[in-house]
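Here chain A shows up in two complexes: once beside chain B, once beside chain C.
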Partner chain A sequence: MRIADLGLARLQQSLAGRGLYLRTGPFTSRIQSPIASVARGIESLYRDFEVADNSSFYDFHCELRAPRSHRRFYRPQVLFLSDRRSVFKPLACQQAYPMLEWGLNWCIANQVPYRLVLHAAALERNGKALILPAPPGAGKSTLCAALAHHGWRLLTDESVLVDLATNEVSGPARPVSLKNDSIRVIRESCPSAVLSTPIADTLKGAVAHMRPPTDAVHRSHETARPGWIVFPRYRPGASIQLKPRAAGSGFMQLIANAFNYAALGTRAFHSAGRLAEESACFDFTYSRLDEAMQQFDRLADGR
Partner chain B sequence: MSRRRWQRTDGLQQRTLGQECVVFHPGAGTTHLLTPAAAALMDCLTAGVAMDEAELARQLGLPADGTDVELGRWLSSLQSADLIRGRH
Partner chain C sequence: MDADTALRLALARPESMAERTTAEWAPLLAAARESALLGTLWHLADDAGLAEGLPEPVASHLWGAALIAEHRSRALVWELHGLADGLLSRMSPGVVLKGAAYLAAGLPNARGRLANDIDLLFPRNEVERAEKLLFFEGWSGTHHNVYDQRYYREWMHELPPLVHQNRGTTLDLHHNILPETFRGHPDPARLRQQSQALPEPFRFRILCPAHLVLHAIVHLFSETEWDRGLRDLYDIHVLLRHFSTRDGDAFWEHFVAEAEALNIAWMAERALWTANRLLLTEIPAEPVKRLARARAGIALRGLGRWSFVHGLHTRAGSITPRRDAVARGMLFLRGHWLKMPAGLLARHLFHKAFLAEKPETATAQPQPEQHG
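Let's look at the complex of A and B:
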C-alpha cells in the first residue's frame, strides 16, 4: 500500500495512534504525530511511498508533538523526538513539517552504522551515480531538484548511502528541501514540480519541499555505480566552469562531508577511497540553471 | 647526515589515488593527503622495520647538497602527523 491509497483520514489516524510505518529507500521510519500539518505534508509529498504494516521492523522512531508545558497553548511549539528523546530545540508549531524532514535527516546521519553516509545530493543516469557534496548555500539542492526533472533519477538531496562492501550508491529519494530564492527558481524552471507551501522565518529562511518524481520513488531500491563526484558552487554572475579535480583532494573533500566517517574508521576510509577511485572528480561553478543542466547532460554523454 | 632511524607507525592504512596518496591513522582517527615527496618517503618505510636517514636519502635519490634540510622537513611533518616515529 502507498500513502496515496491510505487517504488523509487514515493517515492522520495512523500518525496519532501506533504510528505510520513509512518506507523510504532502504529505511522504515515509524512516525507518530497528532499535528495536522505533518499529516498534510506527508500526504502531499510522500504520496508514492510505500507504507509498511505496523508490526514491521523499523530503523527510526520519530515523534513530533507539543512540549508538555504552557507552550502547547501559548505560541505553540513542536518537539522532534527520536527514540523518545528530544534531539533539537523546540520550534514554532507551523514548522512541524520541515522539522520532520530535518529530523529524518538527523536519524540517517546519526543512526546508520552499516553504510557510509555522505552529506550530498545524488542522482543516477545510465546506471551511474552523480554525487554532489556541498555545504549549505552551495546550490546543491537547487541543482538536484532541477536535474531530477531533467532526465536524471533522484537518489537523494541530502544523504548519500554508500554500501561498504560493494560501493553501490543509493538514497532514500525523499522530498527535496528548497530554500529562499531556489523555491522560485524551481517553480519557474520545473513547472511540473509539486512544491509544499513555503514556511517563512525558519532558521534557514523560507523553506519548501519538492515531491520526488514518482519514478524515483518506485525505483528507490535500485543502486547505482559510482560515476562522478562534482563539488558545486553557485556564484551569482559567474560563467559556467567544470574543472577536473585530483582524486586525492576530491577524497579529502568527500570525507569532510561524511557524517559517520569517524565512527566507521578504516572501513569508511577504504569505501571513500574506492568511491574516489571509481569516480571522475570535478569542481563546478555556475550561476544559470539552464547552462548547468546542459553541462550535466554533456557529462553523462561523455562529451 | 643524522643516523637517526625512522619507522612507520603501526596499523596505518594507505591508498594511492591517481598521483596522490592518502593515509588513515586508525588510532588517531585522522586522515592525511600526502605530497608526492612525503608519499615516496612513506613507501620506502616497510612496516615494522626502522631505517636510518642516510639510507632513506639514498633510496629517495636525494642530492647530497641540502639533503638534510629537505628530508628533515618531510620527516618532521610526517612525525607531527604521527605517521612515523623516530628511534635512536
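Let's look at the complex of A and C:
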C-alpha cells in the first residue's frame, strides 16, 4: 500500500495513533504526530511511498508534538522526538513539517552506523552515481532538484549511504529541500515539479520541499556504482566550468562531509578512499541551470 | 513482551533473542541504543550463534554499533599506550579504572562496550603531579571557575576532567572511588595495595577482582543520574559471573570482606539484589546472608528497590514512564543526599541554581535546521 491509497483521513488516524510506518528506500520510519500540517505534508510529498503495516520493523521512531508546557497554547511550538527523546530546540508550530524532514535527516546521520553516511545529494544514471557534496549555499539542492527532473534518478538530497563492503551507493529518495530563491528557480525551470507551500521565516529563510519523482521512489531500493563526485558552486553570472579534481583532494572533501567518518575509523577511511578512486572528481561552477543540465548530460555520456 | 523486559532478558539469556518477533525488535533496539548496549547485543547474539538468523536490518544496526565500539576501543587502547610511555612513566604506575580497565584486561564485558574516557587512580598527594605532567602532553582542564575548582579539588574524589587539546579524549584523574564528602568513605590505600599489574605492554595497574566489581557497584549506586544505568548493571553482572566462575567461593569470600572493609557493604547488598532481580545474576546464599546485615530498614528497603528497578528502565522502551520519572527524581535526591552532608548540599544546590554560569551551548540541543 502507498500513501496515495491510504487517503488523508486514514493517514491522520495512523499518525495520531500507533504511528505511520513509512518506507523510504532502505529505511522504515515510524512517525507519530497529531499535527495536521504534518499529515498534509506527508500526503502531498510522500504520495508514492510505501506504507508498511505496524507489525513491521522500523529503523527510526519519530514523534512531532507540542511541548507539555504553556507553549502549547501561547505562541505554540513543536518538538521533534526520536526514541521518545527531544533532540532539537523547539520550533514555531507552523514549521512542523520541515522539522519532520530535518528530524529524519538527523536520524540517518546519527543512527545508521552500518553505512558510511555522507552529507551530500546523489542521483543515478545508467547505474552510476553522481554525488554532490557541498556546504549550504553552494546550490547543491537546486542542482539536485533540477537533475531529478532531467533524466537523473534521485537517490537523496541530503544523506548518501555507502555500503562499507561493496561501496554501492544508495539513498532514501525523500523530498528535496529548497530554500528562498531556489524555490522560484525550480518552479520556473521544472514545471512538472510538485512543491509544498513555502514556509517563511525559518532560520534558513523560506523553505519548501519538492516531491520526489514517482520513478525515483519506486526504484529507491536500487543501488548504484560510484560514478562521479562533483563539488558544485553557484556563482551569479559565472559561465559554467567543470574542472577535474585530484582523487586525493576529493577524498579529503568527502570525509569532511561524512557524518560518521570519525566514529567508524579505518573502515570509513577505506570506504571513502575507494569511493574517491572509483569516481571521477570535479569542481563545478555554474550560474544557469539549463547550462548545468547540459553539462551533466555530457558527463553522463562520457563526452 | 515490552522492550525493557526483552532487553534485560537478552542480556541475561542471549538465546532469548531468537524468540523476538519483528515487531518486538525495533523498540528493543531503541532501548539498547539509549543504554549504549547495541554493540554488546551484537557480540552476545554472535556468541550464541544467532547472528546469522537475525532479521537483516536488526543485524545491521547491531553490527554497525559493534564496529563503532571496536574503533573507539582501539583508539582508547592507543591513548593508554601513549600515556604509559609518556611522562607518567616518571611516577609509580597509576591504576586504570572502569571502561579502559575492562579493555586493557580483556574482560568479557569490554567487547562491544562504548568506552568513553580514561580513568586513572593515583595517591592523593601525587594526583596533582600527574595533572602537571599530563599538561605537557596536551591534556588540560575543562572547569576554570573558582567554584568548580574548589568543588572538585576539595570535595570530590577526582580532579576536574582533563581533555586532550588535539584529540578531545577525556581523562579523569582520581584519588578515590567516592567523593571526600560521601557518607561512608573507602580507604583508597587499600584499593592500591591490592591492585595488580596489567599484562605488558601497559605500565598501569588494575584493581583486584573484588575491588573491580565493587567499583562498578559504587559507580552506579552512588549516581544521581541513572540514564545509562542498565549498562553499568550489566558490567556488574558480567564481572560477578566472570570472577565467580573463575575463582569460585574464594571470590565471594574476598568480595564480602572487602565490601565491609571499605564501608560499602550496604551498596553491595543493593547491587546484588538488583542484578539478581533484573539480570538474573546467580549469587550464592552465603554472600547474600552475610550482606543482609547491611540492608536498609523494611520501609526504606522497599522504596529503594522500587526506585532502582524503575530508574533502570529506559525512556525508549518503558511501559511505566510516569513511575520511572518519579523514581529518577528519587534517585537524583538520593545521590545528592549521599554525596554531601545536608549543609554543604544546600550550599551546592543554591550555587548551581542561582550563581553558577549556565552550561555552555555545546551541550545544549542543536538547531534542527542544521540538518536541512
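The definition used in the following text is that the second predicted complex is superposed on the first by the 303 of 303 C-alpha atoms of A that agree within 3 Å, B and C clash if a C-alpha of one lies under 4 Å from a C-alpha of the other, contacts with A are read in each partner's own complex, and residues count from 1 in each chain.
Quick note on the criterion: contacts are C-beta pairs under 8 Å (C-beta built on N, C-alpha and C of every residue); 3 or more make two chains touch, one makes a residue touch a chain.
The structure presented is a predicted model; accordingly, all values stated were derived computationally and were not measured.
In the superposition on chain A, A:Gly248 makes contact with chain B only, not with chain C. Touch criterion met: A:Leu203 reaches chain C, while chain B stays clear of it. When the shared chain is aligned, chain B and chain C each come close enough to touch A:Thr266.
In the superposed model, A:Ala276 makes contact with chain B only, not with chain C.
Among chain B and chain C, the chain that touches a larger number of residues in chain A is C.
Judged by the touch definition given at the top, the superposed model places A:His150 against neither chain B nor chain C. Overlap of the chain B and chain C contact sets on chain A: residues 265-266. Across the interface of their complex, chain A is touched by residues 21-23, 25-27, 30, 33-34, 55, 57-58, 60-61, 63-65, 67-68, 71-72, 74-75, 315-316, 321, 364-372 of chain C. Chain B makes touch with chain A in their complex at residues 13, 15, 17-22, 24, 26, 29, 31, 33. Within the complex, the chain A residues that touch chain C are 28, 30, 54-59, 61, 80, 83-89, 91, 98-99, 101-103, 105-106, 109, 111-115, 158, 164, 177, 202-204, 207, 260, 263-267.
Considering their complex, residues 246-252, 255, 262, 265-266, 269-270, 273, 276-277 of chain A touch chain B.
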